[in-house]
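First subunit A sits with subunit B, and in the next complex the same chain sits with subunit C.
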Partner chain A sequence: MGKAIKAGAKKKKTEITPYLFIAPQIILFIVFFLVPACMGIYAAFTRWNILSNELPTFVGLDNFKEIFLNTESTYYKFFRAGFKNTVTFVLLSVPFCIVLPLLMALAINKKPWGHKFFQSLFYMPTVLSISTVILIWYYMFNKNLGLINNLFHLKVNWVGAQPYAWFAIVIVTIWWTIGQNLVIYLAALNGVSQDLLEAAEVDGAGPARKFFNIMIPSIRNQLAYTFVLTTVAQFNIYGQPLMLTGGGPNNSTNVLLMVIRDLAFPSYGGNSISGLASAMALVMGSLMIVIALLQYRFIGERE
Partner chain B sequence: MKKKIDYMKILAFVFCVILALVWIAPLTQSLSTSLKSEKEIKMSGFSYFPAEITFDSYKDLFSTKSASTPILKWFWNSLVTSSLFTVLVLIISSTSAFAYARMKFKGRDLLFSILMATMVFPSVINLIPTYKIVAGMHLLNTKWALVLPGVSGAFNIFLIKQFMMGIPKELDEAAKIDGASWFQIYLRIIVPLCAPVLIVVGMFAFTGSWNDFLWPTLVMSNVDKMTITPGMQILKGTYDVYPSHAMAGGIVSVIPTFVLFLFAQKYFIKGMQLQSAVKG
Partner chain C sequence: MKKKVLSILLATAMTLSLTACGGSASTDGGAKPASTETPAPANTASGDKTIEFWSVFTGGDGDAMQQIVDEYNATNPEYPVVHRMMAQEDLYTNLPLAVNAGTDVPDVAINHVDRIPLNSENNIYLALDDYIAANGNITADKYNKAAWDAGAVNGKRYGIPLDVHGYLTYYNKDLVEKYCPNVLDDGVVTFDEIAEFGPTAAADGVYSYALTWARNEFQEWYAQLGGKVTEDGVEPTLNNDIAKKVLLDWKDNIEKGICTQDGDDPTNLFGQGQLIFLPEGTWMIGTLKSMGVNFGTTYAISYDANSPLSWADSHQFVIPRKDIDAAKAEGVMEFIAYFQDHSLPWAEVGQCPATVAITDDAAFQEMPQAFFLQDPSLILISDYKYYGYMVSALDAFVAEVAFGKMDVDEALATYNQQISDNIKNQ
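What follows is the complex of A and B.
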């Protein structure tokens, strides 16, 4: 009898214990991820001022009509410009953020003198914050006092004129982020079969053929991963234009996340237009998911 | 044949050196500028090195004169916030990963798949509602507003779970025979064995929290409660025409993550590669 009770108690205990282990995470996950995710999707179909206590009013597809179809609306113009600027940045920066670290990885993989130091140095900026990075680079780009203009005897207005403003933003982004892709490629190149490379060499393959026919196919998975990760990360661009160019000149670097932020959290008081901002966020987020899936598929198919 | 390999090696070295100069220049230039006096910059313009080294800008920033940019307060706030965040992430994700990796329970695989599927969800959609929730809980301008929304991240659980699955199950069974509870197994056996992955997760949690930029600008309007990363934006505005002060602030703000990186770069790089290996 006593034994049976004990066994029963033990069984009950083992059943509840796993849930106690996962409970803290699940609770926080529901409150700070699941609920806001659902709210975010719903909010896109509402009119909502989150700085007030009003509940969101359901308005159907009005927000989407406003930003996609109402050519008279200022929000249409904001969205269009922000979208165009974000996509411009993605197209300008992603190729560099893939090709340059790949070249660097090839160089470091040759194990030149000091290669460990180079790897650490190139990776280091990724642990810095965007605001510190911009603070430092803003001064590098300073027209009169900056290192770049003085070193090359230029008089370029880097942050206040196009196309230099985009150059500046892309340069900073490269410096800040490519260490991540670099270390991923380095690990991948380490795994390339030495036997294959040597066999190719015996057959008379040059460095270019070895690179395109052996190395690239061997690191295809990591290339796909970094391609998706980099593209998605670049869609989230915010700090670089905010602090470097202020979205200028003439709003030409005012990216979508800045538009969304300004509409939902107006800096000089005013009404929060969170419903519209949520609609923009939903469009941006959906596009990011679609692009990630397409890229995986595209790269998977070439196998 | 051998000569050709050496030639490529030299080319690689030259390429690395040129890039290294580009990588170092912003850091040395900001350090050098922070050690100049504002007067020197105004009088003689650009120079690579200070004519006379002075710590005046640092002293000004640390003094009570700079009430609009209380950098030491920001630094302290960041240290508290990021440490708290790191500890919570480690506790919450390791207990959770322990259950998924080592225990059997109803709904385990379904729950875990749901968690994993949410990793692709773009955070931009959550941004506005999360603010509303945090505001509704009266957490604005508290460190909890910075800490709580990020601690339940699914990816950390995934990393730790993968590591825990590599530990032999016999250890749990042996401990159970000795009368150990699940909690004792977790704390005494599994956590110590998971130290490498916990260090990686902890370091990424700390630097991630330290470097958080957009979110703190939304939930922390009180300058004295601000953390240092959004603080740098205020600093940049305040000292726009005082480069030495601005650069001194920048140098101070990079110290913790930079030092962490110097001592633990191996883990950072391993962590990055681990992430690409499991996701790729």
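What follows is the complex of A and C.
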């Protein structure tokens, strides 16, 4: 008995070391995530001008009532519109951001001549900042001078009319982010058991059969991981519509983060309306967590 | 055991180094590293001998401002000036935070005049009246009236004008000669005149005017027709027939090919000789010169030849709220007064210095924007406290309605309400 207690105590003592090692990360997490997140959640129940000296005033659920129940309110309209636009973008872009890099990874994985070059080429846009990306594409999409209209002899107003504005935003997003998932899939495909593939071949399985019955199950975890991360990333869309379309035409690309940002930090002056903005952000964040959990549940590892 | 001690040491060292980083970032107000580009120790506590000056100028205008500051410092003032340029969104976020925290507050800063009504109400500035009186050199007669008047709120002065920067109409002289040779005899082009020659030009694929920065053009035309953005200084009053007329006239001209189309780049069209009148900012002069167009400048396109009200804004010097001793405040006033006679570099980057002295300067008189200062009653500078909410709303709907993508009644109702709701919920 006494020995057991001693052993237990000793064991406890040694457990400090790993915590010390992760301490820097924990501190950063607390300072830059946990504390702001808690403040944001609290702010959702207040009325608060974040740039002023005044403390937030607690208003209970008023902000949520304004967003969800007051059909006459500006915020009711803009929250709904922003949410709808954000979901539209997620639905339009996520399938491409998963399938295209997967197909490209399959092609590169065959190791054709120059595959290293193409691998770097496809990854390259990922390192650019959003402003750089938008500047490049803004001129490509320009109605009068743009490469795209001139190349195909079109007169399309890419960023000012629908459905082209969504095309433009989705194309830019895919071009910008394709490399991230591509490298993950390449690494995953490298890990697919060659024995299994050869065995399948001996048994007469065609390429499609091999892909769906061996490759996909083998990279299931990576697919789940990229699916969740890509969805979360696309929910956070902000820079592309902000800089490319300005939220137009007719507010159809005015996504939720733009609505939230305009409320919390008005671009051209005016007091910050942080309470309502935080309430919207809290709703959006909670929904993203639910969606991510569902995705993990349905495609993640089943054990 | 040794291993454990080592690991604890390492982890502690890492933790400490991180907290040290964080600490230095938040408390560097007292002693800044010597490597910053300051001629003197940049201690911002009151009682030191430099003036900390924040500006929103980051492009060519930043260089021009630095040149004036350098020239001022070369006069060996008692309080030399340290000029810190930053992006305007950074300045407008940092200034209230610094003032409310009471640390790292600059001694003088540039603010757009449209920010002054709300910021003064939020107690961000010091009232300047006593300092101005003590200095004696800063008087209304030395400044452009429109800019000077805009710097005061409820009888208290918070801003001293640096410049007026406004929206002009640039015109292509060759195209004016071809399509409308006499319309500029009175210096103003009106919508009635455009209705006459516009269709002829449109038939040749030449636009008569352009949708550029829709919010400024809207404000000009709305004001020319007598529209008021607010009656009581609080509630917006944009949802009315005047606003509707401006938007529908505009839409009509776009549909007729008289005004530029959605997706067009008006500056480029102007450069290529496909646009007669380009409404644009004074700050575009350099760009247009580099395009090699034979251009002139005049007031805004107008509904009324007698009142071509033109939108403008003004950069103003403000003193953020802080404990500032009288001697240093006097140093700041001397610095501001220096601009009265030394603003020419500022004019050279396309601005209109707001001082009366500059209008007599021969070099300035030759600049395209010089006419803009002649009649302050034609300069439209907003004094609406909620200008920020209003222009965000204008950005969201004016061009959309003009290009036929949003219904005019719905847009005016929705966005007038947005401004109003923002005011209620702020």
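Observations
Simple rule for what comes next: the second predicted complex is superposed on the first by the 267 of 303 C-alpha atoms of A that agree within 3 Å, B and C clash if a C-alpha of one lies under 4 Å from a C-alpha of the other, contacts with A are read in each partner's own complex, and residues count from 1 in each chain.
By definition in this document, a residue touches a chain if its C-beta (ideal position, glycine included) is under 8 Å from a C-beta of that chain, and two chains touch if they have at least 3 such contacts.
The structure displayed is predicted, hence computed values, not measured ones.
Partners subunit B and subunit C, brought together by superposition on subunit A, clash.
Once the two complexes are laid over each other on the shared chain, residue contacts for A:142 go to subunit B and to subunit C alike. Within the superposed three-chain model, A:276 lies in touch with subunit C and out of touch with subunit B [touch as defined at top]. Taking subunit A as the reference, the larger set of touched residues comes from B, when subunit B and subunit C are compared.
In the superposition on chain A, A:92 makes contact with neither subunit B nor subunit C.
Looking at the shared chain after the overlay, A:246 reaches subunit C, while subunit B stays out of its contact range.
Legend: residue contacts after superposition of the two complexes on their common chain; A:291 is shown touching neither subunit B nor subunit C.
Of the two partner chains placed around the shared chain by superposition, subunit B is the only one that A:222 touches, whereas subunit C remains out of contact. By the touch criterion stated above, A:266 is placed in contact with subunit C alone, subunit B being left untouched.
By the touch criterion defined above, A:24 lies against subunit B and subunit C together after alignment on the C-alpha atoms of chain A. Taking chain A as the common frame, subunit B overlaps subunit C at a single listed stretch, which among 60-68, 114-122 or 258-266 is 60-68.
Within subunit A, the residues touching subunit B in one complex and subunit C in the other are 14, 17, 21, 24, 28, 31, 142, 144-145, 265.
Note for the complex: subunit A touches subunit C at residues 14, 16-17, 20-21, 23-24, 27-28, 31, 47, 49, 51-53, 66, 73-75, 77-78, 142-145, 157-161, 246-251, 254, 262-263, 265-273, 275-276.
Contact residues of subunit B toward subunit A in the complex are 8-13, 15-16, 19-20, 22-27, 29-30, 33, 41, 45-46, 91-93, 95-96, 98-100, 103-105, 108, 111, 115, 118, 120-133, 135, 148-152, 154, 157, 182-183, 186, 207, 210-214, 218, 228-233, 235-236, 243, 246-247, 249-250, 253-254, 257-258, 260-261, 265, 268-269, 272-273, 276-277, 279-280. Looking at the complex, you find that subunit C touches subunit A at residues 4, 7-8, 10-12, 14-15, 18-19, 22, 89, 92-93, 96-97, 100, 112, 114-115, 118-119, 122, 262-265, 268-269, 386-389, 391-392, 395-396, 399-400, 403, 405-406, 414, 417-418, 421-422, 425-426. Listed in rising order, the residues of subunit A touching subunit B in the complex are 14-15, 17-19, 21-22, 24-26, 28-29, 31-37, 39-41, 43, 50, 103-104, 106-108, 110-115, 118-125, 127-132, 134-140, 142, 144-147, 150, 175, 180, 183-184, 186-188, 207, 221-222, 224-226, 229, 232, 236, 238-239, 242-243, 257, 260-261, 264-265, 274, 277-278, 281-282, 284-285, 288-289, 292.
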